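Next come two complexes built around chain A: one with chain B, the other with chain C.
== the complex of A and B ==
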């Protein structure tokens, strides 16, 4: 049901763009108005979400500590697993963002073969599949994003041409097949199937988990169709994109509707981005378990939302009642 | 009033995000200092003149097809010639062509730099074909039989 709903949503989006351009000739809407709107929504929504998060207090020092905290000199501490200063935190964040280090430790519950005997026991076993799938997906997505800069820049920096050359190193067919296209499709398909075939994962999956997957699949699929199968006038596409980025929008002569479908799906992804789980792109920087220093024993973390409690210390109490206490013969700290 | 935590870090982060996301817009102003992108002007005049002189109706296929799909056509030609020894291409108008990169395409489009490369630079592609298919040599020999070379002469 959830899967079907997400699938139908994405199909409707694609069909809307296709009919809109192919039959109703709304190139202006799908090529200029919506992309601009999508970009503004993306930028504004993203920034607003970040500021919203920045306003949330962190009540406790909840950094995850998977190693010895820095304490006495002669006890060896783990700078990475339990960072004691910003240097360690930066290193840890770097590994998290670029290599998904915490996902590397992912485990799955099941029957595990025990090391001593041949028997199987219920327990936890290492499960690297999500890490690998996620890593492949994110890197190829980033690679493809950067490669797309050839439509946005002129002159094209040689670094981008080099990336493209590397991506097409096997020189399969013409236009040359990009390896990242295959990696992206495979990994997204894997990430989707994972949600379908693992019962526990299926149970916790929401529509909001399937929509981004289908949207990205549809974007990849339309892009691949456009590049290898039906083809579009790439020069026309570049003309449109360059006109958009120089704020003098102009539609090129005839660019196939498949391009507008692709463009509209990408715009949809951008519009959806700030309101969806995709915001983990900005959110990862706000993970207290990753970005805090493991210094809970050295530095007191004051909960920012603590209101100031009016305290009445014993000293003040004694000052207030000194005479009465003296009269009753009670012992006093200060005479 | 809202309180914001880690102000400096957050503002730096947001600034970097905005700078990266809007890069395609501002690079034209601050880096390339050229706000107008000029469409590559693939010079088709020599090809037009050559086609008219020698009785061709135009390119191999119509212009929209060529713009979008010429690389697919070339791939098709390459495979058919090299693997299946089929050397004649008959287009949708019934005209015959010799399936050859330098022998056909570059006979009409003898100005490779002005023609092919102008588009390719703009799109950021560098076809590796010309590592082997040398253009200069093909163009200088048999100048007067260029038209025949295009028609399949086997």
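== the complex of A and C ==
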């Protein structure tokens, strides 16, 4: 049900763009109005979310410590898993953001039959599949995104040309097949399949988990179609994009509808982004358990709303227990 | 415990997912699967809302009419106060990495014990109130109203989380279910919904200074009876002081160490060590609790209970604080105390009076852990130890959740064990250090009516203990946590009989060679030592 709902949503989006351009000739809407709107919504929504998070303080130092603390001099502390300074925090965040350190730790638990009795016990096996799938997906997506800068820049920076060359190093097909296209398709498909076939993951999945997957799959398909199947006029696409970035929008002629579908789906993804779980991209930087140091006993962390609370003072305590305390020979403040 | 299922039966966990979507699975309260509701007495003492007698299993929870508004408003306040809550509500991608990391999920197979789903119980309500898509699209966006049924679901599952943070280290964004559970419990307390095993001890601690509700003379008496045991076992007279002004150090430990087995043996270890090195310290009957059940109630309650420590340190004019073996105590001391009740400018930066070591890592809090203190003593050869006195023990070490993932103390206790004992064996790698499994009874769930679920929660930990029992003949689990010491005896007796539980300092106490001591033949528990053959009394070790 959830899957179908998400699939239909993405199909409707694709069809809307196709029909809009192919039959209703709304190139202006899909090529200019919506992309601009998407850009504005993305920037505004993303910024608003960041401000929404940043507005709330971090009252306590709640680092999750996954390594030895810095304590006695002769005990080696773990700079990255339990940072004692900003160097360690930067290292920890870097490993997390670029290499998905925590996912690398992943294990899979299951029941193992005991050899000696009728009982079972939990067993654990290393499971790097999510780590690998996630890493491949995010890196290939980023790579493809950077490669697309060729449509936004003139002249095309040599760095991008180098990236493209590297991406097509296997020289398969004509036009040469990009490696990252294949990696993206494979990894997104993997991420989708695990949501369907791992019962636990299927059980926790929401519609909002399938929408981005289908959306990205559709974007990838329409992109690949343009390059390998229904050859789009690349010059025309670049003209359009450059006209958009120079704020003098002009529609090129003879760019096929597939491009508009691709463009609209990308716009949809951007519009959807700030209001969805995709904000983990910004949020990962804001996670207090990862971006704080573990040295909270050495340096005091300040809580801006640290209000005073009702306590039970020693005076009250002594008043209540004076006789008993006297009997037990305990020193008293007031006799 | 008579009506508990056999361990073989309990170990056959069913991980099959229900047919119904989770939001349609009804919450039920069968005996053994939930904790009793908070009672009017302690709720009244603490001045918490809606004191009343009620039973979670009853359909009517006797809530106040405007409970929903109160809760929604409190939720907003918490979002304004805690960035963590906002971020953790927004950024989960439900990748499922945390799903099988929770000891309660591993032990029960209940999908709502998957950390991601536990958090979704709260996220769904958050979306309804705080996100445009949730408000507009409702269920399609995974949003739902707060209702009495949802409240019941929260009660059940946020009291099936021990705030151990194991899931958090596997989360690619560091989403911390402990933080979410803490907030959910805090919100429920705003409308008078909580468990008595948390609120009872908290109110005791508020009034008498400790969770057990030990009055001043009772503390003195129980320590005195330990002194008699020490005298008869070691021949040494130990003279601790209470509430003494001008001592150099105030020592605070969980109150269970004063009173309950096996914590009392840990207490004997502290007392022997301090006597051995001639430490100028005092105990307090007012600040007589290291633990803090406020942590399991609300941030405010945590501060109300924690404030006694510095208040007493200031009144007694000590220089710094030394703390005993307790898990959640150290979560509070390490991560909250200085922020909440500091700065403790009336104290001095902690320096060991014996070795001169500056504990600069505690310069702000001025609170040093007994294992840090003792490891430093051993390293500097300041204490005399006879390792062979722990030879009757094959020891494994349990990393307590808070000490591990809320502090990061892994090496100190291992260094100490290796210096006071000859037989030490680690449990499997996936179950120790930062990946350690909770005992299943933390965060205030250590109550008898909840035993069946506690046993399930402790299944993962106990299975790892069983592994080292089978492979190395381990007969003692050592842990630096009072809840561990209270929970493990019944847990291990159920899953892997024959393994005792101790604190770290009990082992130190056994090994310490005291000045003027008599020849030791028994350990601090009166168990026969494994003596060298020529002196052996017919191999009567345990």
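The rule is short, and it goes like this: the second predicted complex is superposed on the first by the 289 of 335 C-alpha atoms of A that agree within 3 Å, B and C clash if a C-alpha of one lies under 4 Å from a C-alpha of the other, contacts with A are read in each partner's own complex, and residues count from 1 in each chain.
By our rule, contacts are C-beta pairs under 8 Å (C-beta built on N, C-alpha and C of every residue); 3 or more make two chains touch, one makes a residue touch a chain.
Model, not experiment: these values are computed from the prediction.
Q: For A:238 in the superposed arrangement: first (chain B), second (chain C), both or neither?
A: In the superposition, A:238 touches chain B alone.
Q: Hey, is it chain B or chain C that touches more of chain A?
A: Comparing chain B with chain C, the partner touching more chain A residues is C.
Q: According to the stated criteria, A:42 is in contact with first (chain B), second (chain C), both, or neither; which is it?
A: Touch partner of A:42: chain B, not chain C.
Q: Taking the superposition on A as described, I'd like to know which of chain B and chain C A:129 touches: first, second, both or neither.
A: Neither: A:129 stays clear of chain B and chain C.
Q: In the superposed arrangement, does A:152 touch chain B (first), chain C (second), both or neither?
A: Touch status of A:152: first partner only.
Q: A:171 contacts which: chain B (first), chain C (second), both, neither?
A: First partner only.
Q: Quick check for you: in the superposed arrangement, does A:51 touch first (chain B), second (chain C), both or neither?
A: A:51 sits against chain B, while chain C stays out of touch.
Q: Please indicate which partner A:189 is in contact with in the superposed arrangement: first for chain B, second for chain C, both, or neither.
A: A:189 contacts neither chain B nor chain C.
Q: Classify the contacts of A:299 with the two partner chains as first (chain B alone), second (chain C alone), both, or neither.
A: So A:299 only meets chain C here.
Q: For chain A, which residues belong to both interfaces, chain B and chain C?
A: Touching chain B in the first complex and chain C in the second, residues 54-58 of chain A appear in both lists.
Q: Mind listing the chain A positions that touch chain B in their complex?
A: Per the stated touch rule, the residues are 42-43, 46-47, 50-51, 54-58, 149-150, 152-156, 160-161, 164-165, 171, 173-175, 231-236, 238-239, 242-243, 245-248, 254, 256, 282, 285, 304.
Q: Sort out for me which residues of chain B touch chain A in the complex.
A: The touching residues are 2-7, 10, 13-14, 17-18, 21-25, 27-28, 32, 34-37, 39-40, 64, 67-69, 71-72, 74-75, 78, 119, 121-126, 128.
Q: Mind pulling up the chain A residues that touch chain C in the complex?
A: Going through chain A, the ones touching chain C are 5, 49, 52-72, 74-76, 78, 81-82, 96, 100, 102-103, 105-111, 116-122, 124, 130, 134, 194, 198-209, 275-277, 279-280, 283-284, 286-290, 294-303, 305-306, 309-314, 317-318, 320-321, 324-325, 327-331, 333.
Q: What does chain C use to touch chain A in their complex?
A: Where chain C meets chain A, its residues are 7-8, 11-13, 15-18, 22, 47, 79-88, 90-97, 99-101, 106, 111, 114, 116-117, 120, 131-133, 140-142, 165, 168-176, 179, 206-209, 215-217, 220-221, 242-245, 285-286, 299-300, 303-304, 307-308, 311-312, 315, 333-336, 338-340, 342-343, 357, 359-365, 367, 372, 375-376, 379, 404-412, 415, 428, 430-431, 434-435, 459-460, 463, 466-467, 470.
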